[in-house]
Structures are given as structure tokens and as C-alpha cells.
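Chains here go by letter, A, B and C, matching the order in which they are written, and residues are numbered from 1 within each.
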């Protein structure tokens, strides 16, 4: 049947459209909401079509790693909540959740949007550990892009909590936000179905994707992270075209990071 | 004496509710009371594995309560559940099992997932309110929806719907109670603190009345969605 | 005398009191609580003589004998196939009910219906334990190839099919698509891409506006605007929403 579904999709692709009428490089409606969790130090909710994810930022004070005594760090967690999809089961993170977290992490970390030295409180002793957790609320494809966007916006919204006597007072947030540079990293995932490249797949489209390439770029146009997924091989030409398409769409998505 | 946010003793915090907010689920709802927000999704009746859990006489109900890592009032909550969330899952399941009728669905399961993105006390109660609406939204046959609220003692007086600020006060007592609004019967009752029997009686009475008011909101919320259907 | 608290066609939700007194009988979707009748599901009141019942607006498909459904092959056994019906239960299709052709013992069943493929089948029997037997032998029952399947609320299926199949017939006239509507809410369509998209939008529109009056006129106008084809709501020959395949 997947061959059947795929060949029917390719009939559509011959006409330059997809099952929902979109063009190959068209995203569904994107909506962004910030401050969706008052318990978090920063939070955001991103919807792309019916895909819906929340991201929240939490600060804690920890000890710097011995090999980087004057740096703090970030951590990214992701959960494919059973609430969001009939196929997800409760339990420890699946490999899919782990991949999602690590890909979102690399997109932010490698962009150097956050200088970790600025997270140092006391060299060798105290630093900020900033954790971004992404939670899926409804799944209809393209979790990578929604998660990356939500994580970045939450990070941008985050306000540093007050510290008193070396302890964090979570009830009092300072007016200070994280010292982020203007890199505004964004991720776009390009999927290959047969010989067609599309962005922003729905669940149905994802079920017939041969391989995908997630590309994160900064405002300056530098590629800072990539992830190939799926079993089918990609030619150098495929990669060229997919990276070009991704970079173009990244700039369009970047407007959501205000 | 007045409450920190100037509410009357029998007044709940402002409530917001919505149904059908998770398209993938068979039923879903959001319930917000004060700054506590609960999302619930229902999947089922559906196949149940492993075999030994199947009940040939009726479907079973399974509840999972979880707090998102960024939902606590203080530090990040490590994902993966805790003994507390397991216990809340269980008492929630008991409360909801008393109303659902799954005799027409032997050997299946109805899964209820409750997630909290933001909390300010009264979490298990908000979870039950959301889960009840989600079950109705999923078309599950039920006697009625369960409504729940945390009652207790603040500054020596019985009050309804404690906020975290009130819970943390010296001498405060926290009594989550879930109620069947038609019969006024109690399907969840827990207590944390020290309270005289007479005060407890008063608090539970107030809880039942508050739960009945919450139930009116649950019914109205469901109608809002289906009116347009 | 009994008192009704609600009227015919009212929207009710679980726990809502419907009637007082013993004069009314609790029908489907309601139950008796002491002297009263109370709703147990979300739906529309239907008073039928002395019986008060509720027409559900939510909930999964409940398999019924003689229903025609669109199912998906989930598993293949020695003696047949397990079919996903979109309800709480899977259906069993036995080799002997699969085709009017004779299928040899030990034949490769994937050659007939493979994993993930869609079929149109008829429910022959539903046991007390909700085991479902289906058959593919009969007119209009066959494998669905090409095309795609969308899912709609099973409670909206009658509206999508229309009286004597008039609604789905209008969509077919306007878009030229082949359409099969399963009672279980799965709808198969196949046609020219642009037309298929219009057919899907139309079906989703019917699903969303099922409760509104004048829906047939609204849909007729929408179809004529989108496709330029003048459609007729009259049916030359009635159908149940199932595509005829020779």
C-alpha cells in the first residue's frame, strides 16, 4: 500500500501539487505563542498546520565541566508525549525522541547563538545550566522544524531568575534575558519522495518519505548543523538541491524569531 | 481574615476550559484554574496488549498523569514520572472508573493521558476535570463527568481551591476531592495536614458545592464545541 | 405523568437530566437514575414514542452487521487477513470469504491483499465479544488500488452519503472522482489531482457543517463554483456511497 500511496502522490507531484494542494516548497500555516507556561523561565508554543509543540526553558545552577571552568551550558530534552499521537507509548524516550532532542540541540549549540562563557557565574564553581524541553501536543508531521523553532523562541524569551545567597529564587525573574547574539538559528527539513523534494511533510507524506535532510542555518547564511534521516541514499546533487531549498526556507521561518 | 488574593472562602480561581484541542486524539480537553493548566487526551477504546490485562467482561480504563519538566513552581522536574505521579495516576483512574461504562467494549482499553504545562496547586483536581471532559468528547459512555477541586484549611478557615501560596502557609491543610455532581458522592479524597473533624466536614461540603459549579462549566464547554457540529 | 426536561433534537452531554418519572424508557445513550432518565453520551435527543434515546455526535465506529466498510490490511495469517476497521476491534477476513475465485490452500495471500492495502468489505457478523467477520464476496466489494483514503467522523457518514446517495453523487458528478464511503468513516477517493482536492475539501465541509440546514444547497453551490459543473441533487438510481467496480 505504501507503494500505492506513494505512486498516487507522485501523480500529484507531476502536477506540481501535494494532497492538500500545497506546492512543494510551501509551509502550512505557522502560529507562534510565547509565555505559554508561567512556571517556565521562558516558553513558546509553535503550530505548523496541525502539528503543535510546546517548549519551556528552566535555569539551574551547576558546576562547570572541568575542561571548561568558565563556561555554562545548555541541554535540550524532547518528549514524544503519548497525548499527542496514538502511536506513542508511555515510557522512556524512544530513539525518535532522542534524535529529535539531539538535532534541535545541535542546531542551537553549533550556531553559537549563546556564548557559554556568558553563563559563568563563578569560574570553576558555579555556572548556569539552561535546559530547553520540547513537548509534543499534536503530531501531524514535521516535528523537527516545529521543535527547533519553539526551542529557539523559548530561549529568546527566557528571563534569568534572581539569585540570592547562591540559590535560585524561581518566583522572581529578573528583567535580564539571555545574552543571545543575533544569529537566530532556524531549522528546515527537506524530504525526498521519489524524485521530488518537499518541505513541511504531513504524517501521511512522512510515511512515504525515502530520506530527509534537516539543515540549520544562521542569519548570516552559514550552515551550522545537519542531519540526514531515512534509509535511502542521497546523491551529491540531491544534497546540493536540498540544502539550497532549506536555506531559502530558513530565511522565511526566521521572521518568527522576533 | 482574607485570602492572599482576596477571594471569598467558597470562591474558586477563574476557570477556562476547552474541548477538542488535540486533533489526533479521540477526545481531548484543556482545563485551567487560576494558574494551573491541565491537558488531557483520550485514545480508545482500542486494542489492549499484553493479553493478561484484557478483561473479557468490559474495557479497562488506564490513566497516566505527568508534569512537564518546566511546569513546576521551582526547579526543573526530571522527566520520567515519579512516585507521586504514579500515585496520582492511580487515584485519577479510580475516580474516573466509577463513571465510565465500558461493558460494550470487552478486551479493549481506554487510555487517558494528562499533562501539565503549568502548575499552581490543585493539579490532580485540574487533571481530573480535564480528563472527564476529554472522555465525554471521545464519545465514551459515562454516568456523568467527574468534577474535582482542592479544598482545605487556610488561616484556620475552610476554603475552596487553594493556590500554591495558600498551600505553603503555616498550618494550611490540603484536601483534594473529586465528586460525582448528581449524587454528591466522593470518588477521590486525600488529605495533607492537621484538621479537626468538624472543619473537615465543612470543607468537604464546600468542595461538593464547588465541584457542582465546576461541572456546569464542564457541560457548557462541551456544548460550545458540539453546538457548532 | 412524566416530564421531559429536554426537547427532541436538543444537544445534551453526559450527566444531563432528560426526563423525570417512569413514563419514558431509557433508550441508547441514556440510563435510568432512580426516577429520572439521564444522558450518558454527547449527542442529540431523539424522542421515539415513549423511548428517549440519543444520537451520538462523537465516538468511534461501532461495527454492525451488513455495514459496508473500508478497511486496511493489518496482518496476514495462514487462513486469512486481519483488517483494521478504525473501530476498537479488528475484523477477520477468511480465505473462503475473500474472493469469488477459488484460492488454493497454501497460496501466497499477499498476492491477494497485502499489508497496508485497503479493501471494501461487508460485515457479516459481530459476535458478543465483538469479533467481526467480513466478506469480500458480493457486488461492490473488492480491493481499492491507487487513490487515497481520508478519515471522517463516523457519525457524519450519513450526511456525506446523503439521502439515497444524493450528496456523494453530487460530488462525483462535479469532480469526476470515484468515491467509496465506508460506514466506518474511511472514505476512498480517486481522480485527477485538482479534482480530488476539491472532493476532499467538499467532504470535509460536509463533515464540519453536518448540522446546518440547507447543506445540500450550500454544497451544490460550492461544487458548481469550484468545478464549473452544474450538478443535480436528484439520483437516477440510489446507491449507498459505494463505488461500483466491474
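Everything that follows uses one rule, which is that a contact is a pair of C-beta atoms (placed from the backbone, for glycine too) under 8 Å apart; a residue touches a chain by one contact, two chains touch by 3 or more.
Small disclaimer: the values here were computed from a predicted structure and weren't measured.
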Of A-C and B-C, pair with higher C-beta contact tally: B-C
Farthest-lying chain, centroid of Cα atoms versus that of chain C: A
Between chain B and chain C, centroid-to-centroid distance (C-alpha), Å: 34
Distance between the centres, which are taken as Cα means, of chain C and chain A, whole angstrom: 39
Per-residue multi-chain contacts in chain B, two or more chains: 46
For the chain A and chain C complex, residues of the former touching the latter: 1-2, 4-5, 7-8, 11-12, 15, 17, 19-21, 204
Complex contact set, residues of chain B against chain A: 22-25, 28, 35, 37, 39-41, 43, 46, 64, 66, 68-76, 79-80, 111, 113-115, 117-120
Chain C residues within the chain B interface of the complex: 11, 13-16, 29, 31, 33, 38, 40-42, 56-60, 62, 88-90, 129-130, 210-211
Interfacial residue positions of chain B with respect to chain C in the complex: 26-27, 44-47, 56, 59, 101, 104-108, 136-145, 181-182, 215, 219, 222-223, 226-229
Complex contact set, residues of chain C against chain A: 72-73, 114-118, 145-148, 190, 193-194, 197, 200
